[in-house]
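Scrolling down, you'll hit the structures one after another.
Two complexes follow with chain A in common, the first pairing it with chain B and the second with chain C.
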Partner chain A sequence: MLREIALITEKAFQEVSIELLETEFLPGKRFIIDFPFKVAIIIGITGSATGRLYLECDLETAVKVALIMNFGERLDEPNDVYTYLAEFGNMISGRATTYMTDKFKNKEFRLSPPAIFSGKGLETLSPRIKSKMLYFRGKLGKFFVDIGFEEEHQ
Partner chain B sequence: MAGYKVLVIDDSPFIFKAVKRALEPNGFEVVDNAPNGKIGVEMYDKYQPDVITLDVTMPIMDGIETAKALIARAPDVKIIMLSAMGDESLHSQAREIGVKQFIRKPFKPDELLEKVNSLLGE
Partner chain C sequence: MSEVLELKDHLIKTCEEFLPRKGIRFSFIKEKAENTLNSGDPINLLVGLSKGMEGNFVVGMSKKAALYVICGMTNQEEVFSIDNIARNSLCDFVAAICGQTLAKVPTKKLISLSSPTLVTGERICLMISKTPARKCFFRMNDTNFTIAYNIEGEL
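Coming up: the complex of A and B.
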């Protein structure tokens, strides 16, 4: 099930990137985001199973994404970078959970509002979560996505 | 469509901006942005908008609860639900309450304009 969820999430990420940012991100091999200042979004998934989607990029990539979402205009406030990236993550999660609901007919998923984290040396641990890591590269930069659910739902 | 007022209930400032860009060049007045359903209901009383765009996933009061509260106040209120989620169970839950239009995020400006015009034409 987790492998199928990873493929669904990959599809959702690519679709939303093209529709929203008009740019393509390709899935690929593992990498480490070596930029010191990172931005991370966590969106909780509830309903038939409890999980979460974690989205991470460097600040430079987050700014590029936010500027495109802001129709190429300067951001009103510096913190808009985070709220725009949170909306990007929300759209990916929403699309992914919709596909999950379609795929696993007896399941229904809902989202919780995004939590935003930023800073140097971000590291997250999710002890009870079994997850798949996805890596995307594109013209705007690199994204790391980790989609997972609590172990009893695997 | 000049003079029609639109209220955005969404915790994302991006969506407020996207709705303004889609509707204001076509004569609509996008009056305000409520970041959650509770404030959205208060703003409904203040502005009496002709159309509301309503997010589903929001803090404090989500879209379904907000739609219930708005329809209890004004049964003919015109709501377009904007959501990143597009599954049928969510749509049918919203339809049962009285929401008639849905748009999946991200959306194209023309798509929103068409749905708003369709709602106002009913």
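Coming up: the complex of A and C.
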């Protein structure tokens, strides 16, 4: 199930990027985001399976995404970067869960609102979760997506 | 109609019931409405809520406070580092606090909790909702911990 969910998430990420940002992100090999300041969006998943979707990029990429989402206009407030990125994450997870519900007819998935963390040397861990990691590269930068569920739901 | 929940009293009651059982001394300091973007603590534990209520619940603490929590949760006298067992116990801690607090909310709605996630780093900022969140400050032994939340739902 996790492998299929990872493929669904990959599809959702690519579709939303093209529709919203008009740019393509290609899945690729593992990388490390070496920019010290990172932005992470965490969206909890509940329902038939308990887990979370994690989306990470560097601050520079987050600003580029926010500017495009603001129709290229200068951001009114620095916090808008986080609001836009949260919306980006919300759209990806919303699309992914719609596809998951279509694929696994007898299952139901719900999302919690996005939580945004930003900081230096950001590290996250969900100890009970088994997850699949996805790495995307595009002209705006790099994104790391990790989707996982508690092992009892695998 | 959906409303933003006030959990201060439930949080204090939960801490009164749960923390002394784990050998953790605490006292409530204050509750504050925070801006949308808050400064976080070096160690943050996040639980997301959906179904009957929607929102996020974040327990933030210093490394020192985390070590006290780990001692209490794992029944050890002293802990010096945060290994995998310790991380698990921190997640159990936030799940217990969040679950027991929400159990006190008078609602018939079923509330689903997501898996806890541990976020660490330096100079952390966090935004758990687009509207200002509430943050409760607690004293724990000789250090502090905070509980930030923004939960909306129908009672």
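In this text, the second predicted complex is superposed on the first by the 154 of 154 C-alpha atoms of A that agree within 3 Å, B and C clash if a C-alpha of one lies under 4 Å from a C-alpha of the other, contacts with A are read in each partner's own complex, and residues count from 1 in each chain.
Following the convention adopted for this analysis, a residue touches a chain if its C-beta (ideal position, glycine included) is under 8 Å from a C-beta of that chain, and two chains touch if they have at least 3 such contacts.
Predicted model, so just to flag it, every value in this text is computed and none were measured.
Visitor: Of chain B and chain C, which one contacts the greater number of residues in chain A?
Guide: C
Visitor: According to the stated criteria, A:Glu19 is in contact with first (chain B), second (chain C), both, or neither; which is it?
Guide: In the superposed model, A:Glu19 contacts chain B only, not chain C.
Visitor: Report for A:Tyr82: first if it touches chain B alone, second if chain C alone, otherwise both or neither.
Guide: After superposing on A, A:Tyr82 lies in contact with chain C but is clear of chain B.
Visitor: After lining up the shared chain so the two structures overlap, which partner does A:Ile129 touch, if you call chain B first and chain C second: first, second, both or neither?
Guide: Touch status of A:Ile129: second partner only.
Visitor: Quick check on the superposed pair: does A:Gly119 touch chain B, chain C, both, or neither? Answer first, second, both or neither.
Guide: second
Visitor: Of the partners chain B and chain C, which touch A:Leu111 in the superposed model: first, second, both, neither?
Guide: both
Visitor: Taking the superposition as given, does A:Glu150 touch the first partner, chain B, the second, chain C, both, or neither?
Guide: second
Visitor: On the A-aligned overlay, A:Ser48 touches which partner chain: chain B = first, chain C = second, or both, or neither?
Guide: Neither chain B nor chain C is touched by A:Ser48.
Visitor: In the superposed arrangement, which partner chain does A:Ala40 touch: chain B (first), chain C (second), both, or neither?
Guide: second
Visitor: Using the superposition on chain A as set up above, list the residues of chain A that contact both chain B and chain C.
Guide: 83, 86, 110-113
Visitor: Provide the residue numbers of chain A that touch chain B in the complex, in ascending order.
Guide: Where chain A meets chain B, its residues are 16, 19-20, 69-71, 76, 80, 83-84, 86-87, 90-95, 97-98, 101-102, 108-113.
Visitor: Which bits of chain B are touching chain A when the two form their complex?
Guide: So the residues of chain B in touch with chain A come to 11-15, 17, 21, 57-59, 83-87, 89, 104-106.
Visitor: Given the complex with chain C, which residues does chain A contribute to the contact?
Guide: Residue list for chain A touching chain C: 40, 42-47, 50-52, 54, 79, 82-83, 86, 110-113, 115-129, 148-150.
Visitor: Which bits of chain C are touching chain A when the two form their complex?
Guide: For chain C paired with chain A, touching residues are 36-37, 40, 44, 46-51, 54-56, 58, 84, 87-88, 91, 112-130, 150.
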